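There are structures below to look over.
Two complexes, one shared chain (chain A), two partners (chain B, chain C).
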Partner chain A sequence: MSLLQVENLMVDYLTPDGALRAVDGVSFELKRGEILGLVGESGSGKSTAAMAAMRILGPPALITGGEVLFDGRDVLRMSAEQLRRWHWREISIVMQSALNALNPVLTMQEHFLDTIAAHRPELSNAEMLTRAAELLKMVDIDPRHLNSYPHELSGGMRQRVVIALALTLNPPLLIMDEPTTALDVVVEREILKRVLQLQKEMGFAILFITHDLSLLLEFATRLGVLYAGRLVAIGPTEIFRQGGIHPYTQGLLQAVPQLRGKREAFKSIPGSPPSLKKPPNGCRFHPRCPLVEERCRKEQPVLKHVQHGHQVACHVRT
Partner chain B sequence: MADKLLDIQHLGVHFAIGGLFDKSTLRAVHDVHFSVDRGDIVALVGESGSGKSTIAKLICRLEKPTSGKILLDGKDVLETEPHAAGKEYRKRVQMIFQYPFGSLNPVHTVAYHLSRPLQLHQIIRSNDLRPRILQLLETVGLRPAEDFIDKFPHSLSGGQRQRVAIARALATEPDLICADEPTSMLDVSIRMDILRLLTDLRKEQQTAFIFVTHDLAAARQLADRILVLYAGQLVEEATSDDLIADPKHPYAQLLLAAAPQQGGSLDTPLPAKPGAPKNVDPQPGCAFAERCSQAMDVCRQQTPGWTWMENKRRVRCYLYGDTRADEETTK
Partner chain C sequence: MNRSIEYLLRRLGFYALAAWVAITLNFLIPRMMPGDPAQIMFARFKGEMSPSAIAALRETFGITDAPIWQQYFTYLRHLLSGDMGVSVSNFPEPVVSVIATGLSWSIFLAGSALIISFILGTSLGALAAWRRGGLLDSIAPPLLALLGAFPYFWMAMLALFIFGFGLGWFPLWHAYPEGTSPGLNLPFILGAFYHAALPAATMIIASLGGWMLAMRNTMVGILGSDYITYARARGLAPRRVLIRYAARNALLPNITGFGMALGFVLGGALLTEIIFSYPGQGYLLIQAVRAQDYPLMQGLFLTITLAVLGANWLVDIVTLMLDPRTRR
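Showing the complex of A and B:
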């Protein structure tokens, strides 16, 4: 059984001009110990989909359809108390801005004690402190920083603390929403290496959300590509490494300047991502697609199996 | 040399920080020395805190250096205009900012944004204003220009806003544009469009660019030369191809190893220790020494000077030669 199963998820944002569908029929599953990458540009619905699956979205967002199963349990029907117990023990999230994720007037120690006390009240204060120190060491931070305030730590250190907090209760699933986007490349790489080591040791699964496809290619088990609220490709990372099959995936891969090989001409995808207020008819990528055909303008393609577990939503490629 | 446009000499920004009893010095930029030829594209690459954006702001004279010279066409502008840049300098040196949502005023139209530089610098008579604005919009690829000229920033996408910002910088027909991470806030699929636009402008108008970025691959794609900065100091300068093919300075090697790339893997070890640039109360010696896996005793004692190599390449590292920085100029 898969750890997380998302079926045909729909999320709307209620705006004064009417409802706007941010996530439109997205389905994916995540097995235990697996790393699934969700990639997309701004407005593609990648964060909304993950936050909806975790039930941490508030108004004006509204889950209007679909099903989310965690270990066989129906997440969309969980009560507030069930959600409280589920969050952090079994699923936790690391967000992009570590500065905002930490409370500026609390020390690191207070952050850890708060989290541990909420979920493991049976532990004594001393036991909690030992655990907090252990968690900081796990992410390569000297436990003397337990008495530091967020502003006394660098951006990279803060993000490490947020990761340690998320792993406090050994959850089987960790959602990482652009966890390193605000960081420098060297720091980014150091943190990701550590997270992957921990993932191997502790065996948790990761749902990794980012706009950076080339980064995901280096460590994800499987990848899903979102465009304007719809999943357009999903499958094992290998096929993406070879250039992908969906024209949008191919365009994205080519739009990233390369360090190696010949300096090529500037390649990009013409146009810009559509507005969700008025998404194009048919395939949402068709106005920018180099392979566009007549039926792409009318019929919305659905995900179809192409090869080795790789699915794409494209009339031309399937 | 006739075509040398900008010459930066020993530029520095040192701040005194702290209170009465624990004074320290913060070196945001230190002893930076380079030049830009007409029509040249030079990339400044480094992590946050490396001083790359500060250098761009110093050159555009949005901030004041505490030492050094900025020569435009051989004229020392800090001497002739010590307090603020004159109109002529502002006309010739323009800036594009990282955040296209903050650099345009939400209550003004595109036409207003582009008319300001044209009017302030008296480039054009008011009758010809609109045709010239339309022409600028065409140049930056906002076509048909009539559709964009009366729009407000909120109805434009991030990429379109950045194009307006570029058009505004172009309005004065500058010789040099400092572009501070012009694509980092934009979606991946449209970044290359903006980079292509900058190279086209260089080709058509001989505009020189200083391209500030943390993305080595983008720097390689766009720039003729790459300057690598660490803790406010230049550590290496080379042509883009030379630098990417064979980075010499251990910090340049680290940056390259950390950049995501096709076929890369997180399992590859990084060639340096974790750490951050130390800008406060710098000790003598190379700023990178404490993280460097090849550091020698001398690296911790005295700041290295430049070692020159083929192809106008230079590197500030004792691994390539025993030149020491002249302490008089580096203080």
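Showing the complex of A and C:
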């Protein structure tokens, strides 16, 4: 049984001009211990899909359809208290901006104690403090920073603290929503390396969300590509390393500069992502697609199996 | 921590400078006006006063023929020893003791009204934002805004007319029942609360909406921030998120408003005290103006200025304690 199974998930944002579908029928699953990457441009619905699956989206976002199963349990039918207990013990998240994820008036220690006390109230204060210090050491931060306030730490340190917080209760699934976007490349590398080490030691699964496809190619077990709220390709990372099958994936991969090998001018995908208020008919990528056919303008393609567990939603490629 | 103390001392230095400017202006302004208190006293007694008595009076009020800088130093020396002269309208009671009485009534009435209104208003605002669009959020803000929009004197007079005069539930004037003597005795204390109830209620009703809306609006902003989403995602109990994460942060900007209001408490609630004939600072001020009681006016202005400065310093301290970002 898979750890997380998302079936045909639909998420709408209620705007004054009517509902806007940000996630439109997305399905994926995640096995224990694996790393699934979700890539897409801004507004493709990748963060919304992950946060909806965890049920931490508030208004104006609304889950309007689909099913989310965690370890066989129906997440969309959980009560508030069930959700509260499920969160962090079994699923945790590292959010985009660690700068804003921490309460500015509380010390690191208070963040850890609040989190542990919410789930393990039977622990003594001393035990909680020991655990907090241990967690900080895990992400290479001196435990003396337990008494620091968020504004006293650098961006990279804050991001490490947020990662340590996410691992507080040893959850089997960690969602990382663009965890390093706000950091410079060197710090980004260091932090990712540490997370992957911890993942090997502790064995949690990761749902990694980013717009940086080249990053995911390095360590994801499997990859999903989102375009305008729909999943257009999903499968083992290997196929993506070889260039991908869906024309959008191929376009994305060609936009990644190569350090080694032949010197090639990298191409960009012409045009820009469609407005979700008025998405194009048929395949949403067709206005920008180099392989567009008549059928693409009318019929919406569905995900079809092509090879080795690789699925794409494309009329031309399937 | 040491740097925080250094910061507070620096602020204190600034306030001391401001206080000195206020004290000096307080000395200069009446001396630049025509006439002096002794002449007013003289006019009151319709000329039945000997010149030597006038001279003695002038001496009492600190107005002498000495050069102005000497007068200034005498004034400063008197001020430091707590001597603000003699009240004309309450002759021969010293200004300091007149103000002490007014001040204690003002602190009692306006202070308790402010504290109740602030606590109640911010709690209601926090709850309204927490259940945004709920019953409380839909009813309370427009209702309180409506009540707050009535001219205060009109509302207070109406309350006095209905509950005091018409129904006879509350006393019509003064701060404690006749026949009781101020001090630590039960009839006086109960009577003081009874007398303060109606004026305090009108002040609370008039100001509650402001506190509630201010808190509600900052709280709505805070609730949309990442650390609230993140606190909820961590499975923290809703109460904890509400109090420790949302309200705690939303309170910070409102503390400044509270501090300012606290400063004005010591100046008395002018309209309230006039309408309810309550013997606080505001009532004294009106009396002082009517009687051209310059020493009392001067003393009141000085008290108000020092109170506002003191309240500001208090806000500095509280902000420093509540918001670690202001510490360095």
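In the analysis below, the second predicted complex is superposed on the first by the 314 of 318 C-alpha atoms of A that agree within 3 Å, B and C clash if a C-alpha of one lies under 4 Å from a C-alpha of the other, contacts with A are read in each partner's own complex, and residues count from 1 in each chain.
Methods note: a residue touches a chain if its C-beta (ideal position, glycine included) is under 8 Å from a C-beta of that chain, and two chains touch if they have at least 3 such contacts.
Keep in mind that this is a model prediction, so the values were computed, not measured.
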| item | value |
| --- | --- |
| Side-by-side fit of chain B and chain C on chain A, or clash | fit |
| Touching partner for A:106 - first (chain B), second (chain C), both, neither | second |
| Partner chain in contact with A:151 - chain B first, chain C second, else both or neither | second |
| Chain B versus chain C as contact partner of A:241, first or second or both or neither | first |
| Partner chain in contact with A:292 - chain B first, chain C second, else both or neither | neither |
| Which superposed partner A:115 touches (first chain B, second chain C, both, neither) | second |
| A:87 touches, of chain B and chain C: first, second, both or neither? | second |
| First, second, both or neither for A:95, with chain B first and chain C second | second |
| More chain A residues in contact - chain B or chain C | B |
| Touching partner for A:202 - first (chain B), second (chain C), both, neither | neither |
| Overlay on shared chain A, then closest C-alpha pair between chain B and chain C (Å) | 9 |
| Residue numbers on chain C that touch chain A, as the complex places them | 225-227, 229-238, 240, 244-245, 248-249, 252, 322-325 |
| Chain B - residues contacting chain A, complex | 47-48, 157-160, 187-193, 195-196, 199, 214-218, 220-221, 241, 244, 254-256, 258-266, 270, 272, 274, 276 |
| Residue ranges of chain A in contact with chain B within the complex | 41-42, 140, 154-156, 184-190, 192-193, 196, 211-215, 217-219, 241, 251-253, 255-260, 263, 266-269, 272-273, 288 |
| Parts of chain A lying in touch with chain C, wherever the complex brings them together | 54, 56, 58, 80, 83-89, 92-93, 95-97, 100-107, 114-115, 118-119, 149, 151, 162, 165 |
